[in-house]
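We call the chains A, B, C, D and E, going by the order they appear; numbering starts again at 1 in every chain.
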Amino acid sequence: MSEVTLSNVSKVYDDDVLAVNELSLTVSDGEFVVVVGPSGCGKSTTLRMIAGLETVTAGEIAIGDEVVNDVRPQDRNIAMVFQSYALYPHMTVRENMSFGLRLSGEYDEQIDERVEEAAELLEISDLLDDYPKQLSGGQQQRVALGRAIVRDPEVFLMDEPLSNLDAKLRTQMRTEIQRIQEELDVTTIYVTHDQTEAMTMADHIVILNGGELQQVDPPEQCYDEPNNKFVAGFIGSPSMNFFDVTATAIDGGTRFESPDVALDLGVDIPTGDYTLGVRPEDFVAGRAGEYIDTVVDVVEPMGSDNFLYLETTGSSMEVVARVDSEYRPHRGDEISLGFDTDDMHLFNADGERVAVTELQTTESV
Amino acid sequence: MSEVTLSNVSKVYDDDVLAVNELSLTVSDGEFVVVVGPSGCGKSTTLRMIAGLETVTAGEIAIGDEVVNDVRPQDRNIAMVFQSYALYPHMTVRENMSFGLRLSGEYDEQIDERVEEAAELLEISDLLDDYPKQLSGGQQQRVALGRAIVRDPEVFLMDEPLSNLDAKLRTQMRTEIQRIQEELDVTTIYVTHDQTEAMTMADHIVILNGGELQQVDPPEQCYDEPNNKFVAGFIGSPSMNFFDVTATAIDGGTRFESPDVALDLGVDIPTGDYTLGVRPEDFVAGRAGEYIDTVVDVVEPMGSDNFLYLETTGSSMEVVARVDSEYRPHRGDEISLGFDTDDMHLFNADGERVAVTELQTTESV
Amino acid sequence: MSIAEEYTDTTDDSRFERGLTYLQRNSRAYLLIAPTALFLLAVVGYPILETFRLSLYQSPADSNIETFVGLQHYAEIVDSDIFYRLLWQTGRWVVVGVAGKTIMGLLIAVHLKGDIRGRKFFRTAFLIPWGIPYAISAVVFRWIEHPQFGYLNAILLKLGLIEQGIGILGNPDIAWLGVVVADIWIGTPFMAIIFLAGLQSIPQELYEAAAIDGAERWHQFRYITLPQLKSVILIATLLSTIWTFVSFDTIWTMTGGGPISTTATLVIHIYQVGLQNGNLGRGAAYSVIGFLFLFVFAIIYLRVYTRGGDEL
Amino acid sequence: MTMAGHDRSGLRKVRLYGVLLALLGVMMLPFYTMFSSTLKPENEIFSAPATLVPSDPTVQAYLDVWTQTDVLLWIGNSFVISLGTVALTLALAIPAAYSCARNDFVGKRTFLLSVLVVQMFAPVVLIVGLFDVITQFGLFNTYLAVIIPAAAFTLPFNVWMLYGYFKTIPVALEESARIDGASQFQILTKIVLPLTKPALVASITYTFLYAWNRLLFVLTFLTDSAKYNIPRGVFSMVGALQTDWRMMLTVSVIGIIPLLILFAFLEEYIVAGMTAGAVKE
Amino acid sequence: SGGDGGDGGSGDGDSGDGGSGTDGDGGDGGDGGSRSIQFLTMGVGDNIQQYFEENNAAFEEEYGVDVEFTSVTWDNARQTVNNRVDGGQAPDVSRWPARWIPQLVGKDALEPLDDMMDGEFGQKFSEGVAAGTMYNGSHYGVPWAASNKCLYYNKDVFETAGLDPENPSLDSWDDMLSAAQQIRDSDASVPALGLAGADAIETGSQYYHYHWSHGADLVNDEGLPVVNTDGAVEALSFYTDLHLEHGVTQSSPLSSTRQDIRQLFENGDLGMVIGHVYTGLNIESAKESGDVDFDYGIVQVPEGPEGRYSLFTIDAITVLSQSEHKDLARDLIRFYFDEERRFQYSKQKGFLPVVEAVGERPYFSDSKNWAPFVEASQYARARPKLSNFSQFNDRMVQAIQEALADQKTPQKALNDAQSDLEDAME
């Protein structure tokens, strides 16, 4: 059993930095959890506490049924990829990767086999006899990854293990990590800042902000039903567009209004201030007169799509829309953006999600 | 003047590793060039040679009109963000950032002002008095970035400066870096493995592979008209799908055939082996009987889109397609993929691009 | 032809020119070592050469007349029994002494490494032996081990373990151990502080990575600490070997080389022969032999060390 | 649960301190011998068997040392000699060690090896020739007559030690400083040296103590009793037939006090300098 | 040799020789007017430090010069002297054991002082004493001090052992042995006899009493070693048997230097020891300060089958030939040979006076501490004047140790020593 449970875990660094605040989280046996959040939000700290490298200031961490707060890292049976790699500079790549296996007393042939297998997978077979300092950044990172995957731990902890790899290799590695994880059925906690990784790899995404838990849900749910404005803005790239609107009751529903948007919905909702969110890809461009009037500022061709940076005519707010690469307006073009109310997100003054769709449904009943 | 010119530059490391091979490149004054390529292809090495940190084994590097092969780094007036950050561990963030300015004898107030301005921009104002080891990975990286931007150099060299940042911050930083670069009009050479960065920031993208130059062109051109199969596969994520086809002459054109594809085009082209490439987003799904028959293997919802991993019925090859997030087939569904021949890429047996569109045009004339 | 060969194979320049450009390119490197080199040459160059020269002369204590005798001193030394006994005694003195200091030093350093309470106290306290003039330390040790006045015997007597004071330094079989103990005591603080400095420069994250890899404390010591300390250990043990080999004060003060010359090392003998009995030539020849031993040892030691691909 | 944890880390602490105290005990026994002897009346030092605790402790010896010897002068001279040696040695060793650590030039190995050669002769052997050198330079009976040989004999260790440590500093940091426009000298003083604090402290301690404890050079090259250092002072009390051991030990103990203060200060300095790792590796 | 006009008339004390201010090399008078003279001695312990300080100051005052006074330890003395002489930095005046004279003369390091010794100044010394500084027919120094030995015994211990403290009958070695055996077998809790056996010069000094009194010698008239005669073997056998056979010594004599056993005796922890004058003086002062409390007696070193000997050592004060102030150096010597100064020196330091007039003072003959030593002068015997005596002595000490450690029989130990010494002295 290697469920990982955090109960009200907090971490305060010596100099009174509250890095993690009362975090509770359960990662079931064999689950793949991706932790995301802005830089400095406590991702690495959380991982390091689970690994036993950082003491827990308050709360409890359990692996399986055992509370491990006082168990030494070497007794926790985990494998970890460090954000800073932490390769052994005095060992070759091969030695770096085989170190853990050797300690656990595996047979030499078996070690060699596993190391070479992993090296092949990571495309570093040629580098097995080099020292870390002779490697490029991405190569070092792959060695760090290799060091973790050759082992057969109860829990995998990975701290941005692919950040220094190019897109292609990254896609490849992503698939490999998933394959290995599934094969070994190892509980995995994976930190990344890459949206694609988060969306594609996770059974659940854990979103942290300022040391506090924001949401734990399957990727799509995080994307489609963000718990709050922070998550909504954080997940998805480019970010969701937000409009501060005021809700007033109208006949048979509510009117949401801002200098840029005016929208009547058949929902019954307390009046007051709300934030309305629309993802760039949910905009439908060109339907003039519909919802939001904008002027094109920049068109960024991305190959597969174009990003439009637009300015609302109402309050000169910046809005981003993602459109097909064939649609290519010019700077200064006036565009009206529409969106399906299904794709719309609504947050109350506290930033918490208001489930519009449900409300709508309720209303329609 | 701070044009950077590399003429036939090669780098051989002590142990006979050929890291860069006869690279020639001109970066015009004020230009923003992004260098991409697989891990270990020589990106950092190139940057380090330009910085003067690595001797040039052969060839010449010039900054402005001056050949700088023998000029010391401190005399080259460059600023650099290191892939490994290389922060001074014994200095606070503030000291790290102001070190260069202090050396160049700026006034204290001016230094403070510039450092604080940069810190604000990078959202590390709170950390100015911390030491590097107290910072998270992303925070360290921002300090490294800050250290470069407070200065007023002739050339910016940045080695994956945003790799440890989350998507949102990254977008923000990207914009800032571009703004600063434009404001100061500094020639900038920027290494990244992030496609978005490459596509959005670059005036020109430089693509390296195995130490050799593959292509230098504006982003869209690299995307739309990749010089060769390597570039085609490297730029764009997920990668372009490739099909090995044989061209045979038919009436009024050429037939391209493989177990998976059969395509008649009205072009006149030498018969032989070719590779046909289609980007995932150029597939149009669901048009049964058209070009490629596949079976759905995995559907990966990415929020804004879905990625389909499919297997061709012909030769069980894996194909990736990107479709709208609303289109969501199930595993085992049979789908036929079509594409516009305009979107198709063709490469000869040497991997070099064959301009189909032009050929077609020629033919149609 | 690989690019590497291509570029290193430029034979155009004349050898001289190449030498010149080499010097130019590396002028800074040479400039920086020059003061040290010149200083050492000026200060000890002559004494060392003089030692070599003297070893070829017969220079009696009671006369200013030197007679050239060639290698006669060497021949006689190599022919004498005492020489081999001295070698053996010097060998055990060095091996046990250096090992003792190294182990004690490591032990102290490892335990002082962490951020423990009272670190400053311990650290300072452990340095005390180093702050006492060596000859005094030796005197104190002689007392400690003294059969009549010694604390050691007093303790043993008090505990009823012995009835009569035992004279360690008077026992030809174990006197050398009695002296080695003092030498270890005197030399340990040096080792400890060197190792401590070395330990402090090992990145903490390596221990973290090792712990994750399942390394027990012993493994961490074996696979992280020792390799990371390798160059420090090399330097410390190499120098300690040399110093112990040429050390004089401790033995001289404690036993004067006795009893029956069992604690005499080459250097003690050199002192007796060359400086006490005034046979400078013979003393010099012994010195040169001692030097040759150390020199060859140093070269082999460094070779072995650099064999693993490490740089010197 | 937390109880268990406390037990465990508590146990580790007990063990740690146990080992430390045991080691300390072993290391301190001789010092205790010394110290307790200074509190005994002269004759008790030579009582058989020894009294482990002074039967009738007295600080008379300290008063005697204070009034009858020039112990302050000796300490002052020791400082002059030690500081001089440290300054000279470091001034020579730092550039040399740095050069070797960062460059690969023809003759480097030879240089490093020849530096060691100095140590391969017993100082008692070289002193004969050294005497000529010192008098040739007209240094006889000056502080330099002690400082210069002491520097010569401490240089090898310093060069090697610093060489080893300089190599452990990530080159990336220096590169970064060069990019920042730092000159070679600034790199050394602002980056490399601050980062080698522990090693520097070790070097300084070694060099300082080497000179502090040096008897031979003072004995041989200084005849002026106004320039005596502590060991020389101590040994000026050794008589032909009779020696006042109590006074000698007392001076030795007093001589340690300034060192303790110095060590404590250096310790502070080391801790202040303990920062590691800002390079991804 | 000729006239003694040099130091005419001056009773070596005061004023008479004002002329010394302008001796030989007036050239260096230019700078600041203060000349300096270097005076090197060894082993100035704290008990005599003040004596030198005061007198040097007086000399400086009187002659308007600086005295640069240096004392080195005995351990380092030999080497320091050699270095300074070889390095051209010799002191002007130096005091050292007379047995070093041959070696230094060999190096042309010493100035002959026949002018003084053959003149009126030389009259101060008895012939035997004066001979101590004679080498190759010249005086290379002035006798400075002398020392010899007697046997001390602890009266309290004797009493405990049932021996008569006032009439100990320790005339011969055998007497000493039987007294020691009695102490050993008695209730006395201390060892009976102090025996030196450590690797040090003084071990030889202690042993030679036995050696000589058994009719053995170290070298013969030709200067060749004769250390393994029957007498010698007998002597060494007796010496080692004290420890090995009879067990009357302190434990582990191989650990003990002469100083160690003296300290033991001075603390009341030993029955008997052969020692110098100052052992008694030390005990007196310790008794005064209440540190010890026992009575002791002093008798002559026991007699052996072939006589009785007391090791006699002379220190000499010399002028070095490198000196540029030889006249001033002589002045310094004369200054220190003022009778009162000589008296104070002997008294404080515990060395026998060398100046006859001083020795005749009742202070010595009346003192229970001094009288036996004055008497012992008649048994005085010096070590042979060999330029390599220290090497010779080392080898002897080794033989003694070998026998004491029971590694070799006395016969074998001495035979080996003899053959090594023969080799060495070829």
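In the analysis below, a contact is a pair of C-beta atoms (placed from the backbone, for glycine too) under 8 Å apart; a residue touches a chain by one contact, two chains touch by 3 or more.
By chain, UniProt protein names: A, B = ABC-type D-xylose/L-arabinose transporter; C = Sugar ABC transporter permease; D = Carbohydrate ABC transporter permease.
The model shown is predicted, which means the values in this text are computed figures rather than measured ones.
Student: Highest contact-pair count belongs to which two chains?
Tutor: C-D
Student: From the C-alpha centres, identify the chain that is farthest from subunit A.
Tutor: The chain farthest from subunit A, judged by C-alpha centres, is E.
Student: Give, as an integer number of Å, the spacing between the C-alpha centres of subunit E and subunit D.
Tutor: Going by mean C-alpha positions, subunit D sits 39 Å from subunit E.
Student: If you average the CA atoms of subunit B and of subunit C, how many Å lie between those two points?
Tutor: Subunit B and subunit C have C-alpha centres separated by 57 Å.
Student: Could you say which residues in subunit C touch two or more other chains, in rising order?
Tutor: 148-149, 165, 203, 205, 275
Student: Counting only residues that touch at least 2 other chains, which ones in subunit E make the list?
Tutor: Expected reply: 75, 79, 82, 263-264, 269.
Student: Residues of subunit D that touch two or more other chains: which are they?
Tutor: 46-48, 124, 127-128, 132, 215, 235, 276-277, 280-281
Student: Could you pull out which subunit C residues touch subunit E in their complex?
Tutor: Subunit C reaches subunit E through residues 60-64, 145-149, 164-172, 252-253, 255-261, 272-273, 275-279.
Student: For subunit E, which residues count as touching subunit D in their complex?
Tutor: Those residues of subunit E that touch subunit D are 38, 40, 42-48, 68-76, 79-80, 82-84, 86-89, 91, 147, 190, 259, 263-264, 266-267, 269, 276, 278, 282, 286, 289, 291-292, 350.
Student: Please output the residues of subunit D touching subunit C within their complex, sorted ascending.
Tutor: Going by the criterion above, the answer is residues 16-17, 19-20, 23-24, 27-31, 33-34, 37, 45-52, 91-93, 95-96, 98-100, 102-103, 105-109, 111-130, 132-133, 148-149, 151-152, 155-157, 159-161, 164-165, 167-168, 184, 196, 198-199, 201-202, 205-206, 209, 212-213, 215, 230-231, 234-235, 245, 248-249, 252, 255-256, 259-260, 263-264, 267-268, 270-271, 274, 276-277.
Student: Okay, in this complex, where on subunit C does subunit D touch?
Tutor: Residues 22, 26, 28-33, 35-37, 39-40, 42-44, 46-51, 104, 107-108, 111-112, 114, 116, 119-120, 122-137, 139-141, 143-144, 148-151, 153-155, 157-158, 165, 182, 185, 188-190, 193-194, 196-198, 200-201, 203-205, 231-232, 234-235, 238-239, 242-243, 245-249, 267, 270-271, 274-275, 280, 283-284, 287, 290-291, 294-295, 298-299, 302, 311-312 of subunit C touch subunit D in their complex.
Student: In the complex of these two chains, what residues of subunit C are touching subunit A?
Tutor: Where subunit C meets subunit A, its residues are 203, 205-206, 208-216, 219, 223-224, 227-228, 230.
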